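Once you scroll down, you'll see the structures, which are given as structure tokens.
Two complexes come next, and they have one chain in common, chain A, joined by chain B in the first and chain C in the second.
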Partner chain A sequence: MKFLTTNFLKCPVKACDTSNDNFPLQFDGGKCQLVQDESIEFNPEFMLNIIDRVDWAALLKVAGELGSVTLPSKKPTFPCSVPELTEVGMAVLNDLHVMLLQTSITEGEMKCRNCGHIYYIKNGIPNLLLPPHLV
Partner chain B sequence: MKKYLLYMVQVHLNFRRAELESLADLYNLSIDFSQYDVDSPFFVLELENDQQARDWIKRSILTRGIYEYWGQGATLDELHQDIKCQPNFEQDLQRKFKHSTFKFEFECYRGNSKANRIKQIESFHYLDFEGKIDMKHPQEVFTVVEEYTPVSENISGKTPTRIFFGRQVQMSNRSAMEKYDLKKRPYKGTTSFEAELSLVSANIAQVKPGTIMYDPFAGTGSFLVAGGHFGALVVGSDIDGRMIRGKGAQVNISANFKKYDESSQFLDVLTMDFTHNALRNSLVIDTILCDPPYGIRESIKVLGAKDPERFAGKEDIEIDGEKAFLRRDYIPTKKPYALDSLLDDILQYSSERLPIDGRLAFWMPTANDANIETIVPIHENLELKYNCVQEFNKWSRRLLVYINRGDTFNGPSNHGLKRSENNFRERYFNNFN
Partner chain C sequence: MSRPEDLAPPEIFYNDSEANKYTGSTRVQHIQAKMTLRALELLNLQPCSFVLDVGCGSGLSGEILTQEGDHVWCGLDISPSMLATGLDRELEGDLMLQDMGTGVPFRAGSFDAAISISAIQWLCNADTSYNDPKQRMMRFFNTLYAALKKGGKFVAQFYPKNDIQVDDILQSAKVAGFSGGLVVDDPESKKNKKYYLVLSSGAPPLGEEQVNLDGVTMDEENIKQTRQLRQRLKNGKDKESAKTFILRKKELMKRRGRKVAKDSKFTGRKRRHRF
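Presenting the complex of A and B:
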């Protein structure tokens, strides 16, 4: 599961929707195995579009849990198009690419901060199925 | 405005125009379809410039290519006369390419000629091109497009009945069919969707580069691959973890993306029940494209107990001092679900998640009985834009395409109505008798 996906997943338990604690899921850094796939190519234009979708506060939270502290505390602002990117901007974007798209969690678990249900990641695939009493 | 010749394929005619309109809309092109003929692969139309033609056709699957129109005739002589009579022939067409390197090509529709092609090319001498002939990397390709009328079903025509001449502006994306051919795909299954129509679906759904596409019934990932081809970041989910897991690291959905050299387009596949969705509510999903389960190969299931009494209190079961349902190897129970409800859920979800003008496209099979009307699900916020039918012998499937128009659209709705009277699965296996 790509790091970016941690920014898209909430707890699927419907009762948790009324809580603000169902997103992001809480990661147990000690139990998560991370790998990096350097073969995934950096596409600045694509990344600019993707960064738009990122919830920065959630990203900071999860990055902290997974032991990465290199992120700026505020979401960097980027120009709308690649030619307007500064050299520094391009480097920041590349760092985000490495983190969000090249890094993935192959094994691990994540927990809803509201209901406490645990979701496992096995062989890189998160399992978000629920037991009948949470449906 | 300039004249162009669009050379299309004569298959999936129900989808062809929808694809052309959707791609035109994607690039804000207004095309006059009054000369469009569903029975012909040729469509002469006007565009402002070559860039518009390139945008429009570069991702198209159901066309072959688009050419700057230089003329047409029933015979080669007539064609030459027509070319010379074009109002912009001398000052525009001829002059602009006088010094370009070039080559000639022939395209034949429904027939083939044994005519001496070199001689035919030489008959264009009046064009007075001074550039060098370059067969490998010409600056311009001039194409003679011949239409034949077959003598009978098995005997093709020998002499063309109509000939077009034009300058190639953009070939279509039809070669992608070869690249994504299921025969060459590392991981596929019985529910994998063929390359051609999955790419066409992604075009009609207007999957765009740098946007998010979601397939809630991803299976082996056929539509994810199609969405990735058009540059979207694709995410899929499926309640059946076996399907999306594949058969090991070399034979799974991720391996498919690696083979196609499009790994950066693939976000993830999640083991998840679509009706208990974990994608956060604030995430905008630009396109939803899927082939929902119709209970043909497996019945439709969602999370929950079929017999709740049997599961009462089971949340308290512990194994080795740990709640059973929190263990890594816990497998939740599933219950059957009605197709109509599932489709209602897809429409509702799309109305909540798609941006305004975002598209939902999904496939739906139906029996071909003349006496049964197919009721297509509709939602008050969604405009049903296309209903493209692919006919098989006794059944058909259709691609339904909706556009999210938002709360103010106030369209009709048939939410909650029982639409499908007959069990498609049962009838499928009874051969529709």
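Presenting the complex of A and C:
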């Protein structure tokens, strides 16, 4: 599962919908394995498209849990189209690309802060199936 | 042909051997690719979007999302075997083991669009005593509506068992707040007929394209006419002659893409007596 996905994934339990704690899920840094996949190409257009939607507070929270502290504390601002990007902006965007798209979690577990249900990640695939009593 | 939906729940039906057979078959690959391309055409997406693939299976449709327009995608599927097959195929998208009937687990406004190829008919089935298809469908469409951004689009190709299923799905989508409807490709052909559910959540933001409905005929009127004609014939009020019967059938077969002999002045005539 890509690091980017953690910024969108919430607890699928219906009872958690009304809570504010169902996002982001809490990652157990000690048990999580991260892998870099450098074959994914840098796509500045997509990065600009997605960066608006990224919840920076949640990103910092999850990054902290997974043991990464290289992020700035405030969301960097970018122009809305690729040709307007400065060289510095491009470099920052590339760093974000490495972090959000190339980094993925292959093994580990995540917990809902509201209901406490633990979801396991194996081979990079999180298991979000729910037991009958939570459906 | 029997429907897999009638045989077993999806996570059991798509076991290791079935998943391999499905993914390895060039015929299935060809059909899936064709349907994905058609769905993308209907979606009319800007390149480099963030797309959700519901019922992604082994990523046959996801691959095309990556190739055509550099979309980044997330896939949900309930069958572990299908996902395992997908792992071996080095996909660029994310895979997740999730039952769409329990809702789409993403926060509000995550995706530009969603796509689903041959999956949502499974929502109409009740596999366990505690599953209610109506509720599952509602939950799916409600959470999907929330997970799409404002003006987000959803195109789903599916295989309905009957008209009731089509109505149920359309109804739930409408209740969830989606606008849109059904596009039927090749409506005259029994074999190649394909149903696409085309939905959008509200008007698109400025500067973005709406769903692309080029080449789709809005044929409510047409369907009504044929229905009336059929009713009249059934009641026996208008007896159609042998010739008009033949011409009507030839026309139908032509529309279904069959090879049909040309009409001439001899069409529908009796042969002359030999003796």
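Quick note on the criterion: the second predicted complex is superposed on the first by the 135 of 135 C-alpha atoms of A that agree within 3 Å, B and C clash if a C-alpha of one lies under 4 Å from a C-alpha of the other, contacts with A are read in each partner's own complex, and residues count from 1 in each chain.
Simple rule for what comes next: contacts are C-beta pairs under 8 Å (C-beta built on N, C-alpha and C of every residue); 3 or more make two chains touch, one makes a residue touch a chain.
Everything quoted here is computed from the prediction, not taken from an experiment.
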item	value
Fit-or-clash call for chain B and chain C when the two complexes are aligned on chain A	clash
Which of chain B and chain C A:132 touches, first, second, both or neither	both
Partner chain(s) touched by A:53 [first = chain B, second = chain C, both, neither]	both
Per-residue touch tally on chain A - higher for chain B or for chain C	B
Chain B versus chain C as contact partner of A:118, first or second or both or neither	first
Contact residues of chain A, present in both the chain B and the chain C interface	1-2, 4-5, 8-12, 14, 23, 40, 43, 45-46, 49-50, 53, 55, 101, 123-130, 132, 135
Footprint of chain A on chain B - complex, ascending	209-212, 231, 233, 235, 237, 239, 241, 244-245, 254, 258, 263-264, 267-273, 276-284, 303-305, 308, 311, 314-315, 325-326, 328, 330, 332-333
Touch list for chain A against partner chain B, complex	1-2, 4-5, 8-14, 17, 23, 37, 39-41, 43, 45-46, 48-50, 53, 55, 101, 109, 117-118, 120, 122-133, 135
Touching residues (chain side chain A, partner chain C) in the complex	1-2, 4-5, 8-12, 14, 23, 40, 43, 45-46, 49-50, 53, 55, 101, 104, 123-130, 132, 135
For the chain C and chain A complex, residues of the former touching the latter	47-50, 70, 72, 74, 78, 83-84, 87, 92, 94-99, 102-103, 105-107, 109-110, 112, 128, 130, 139, 149
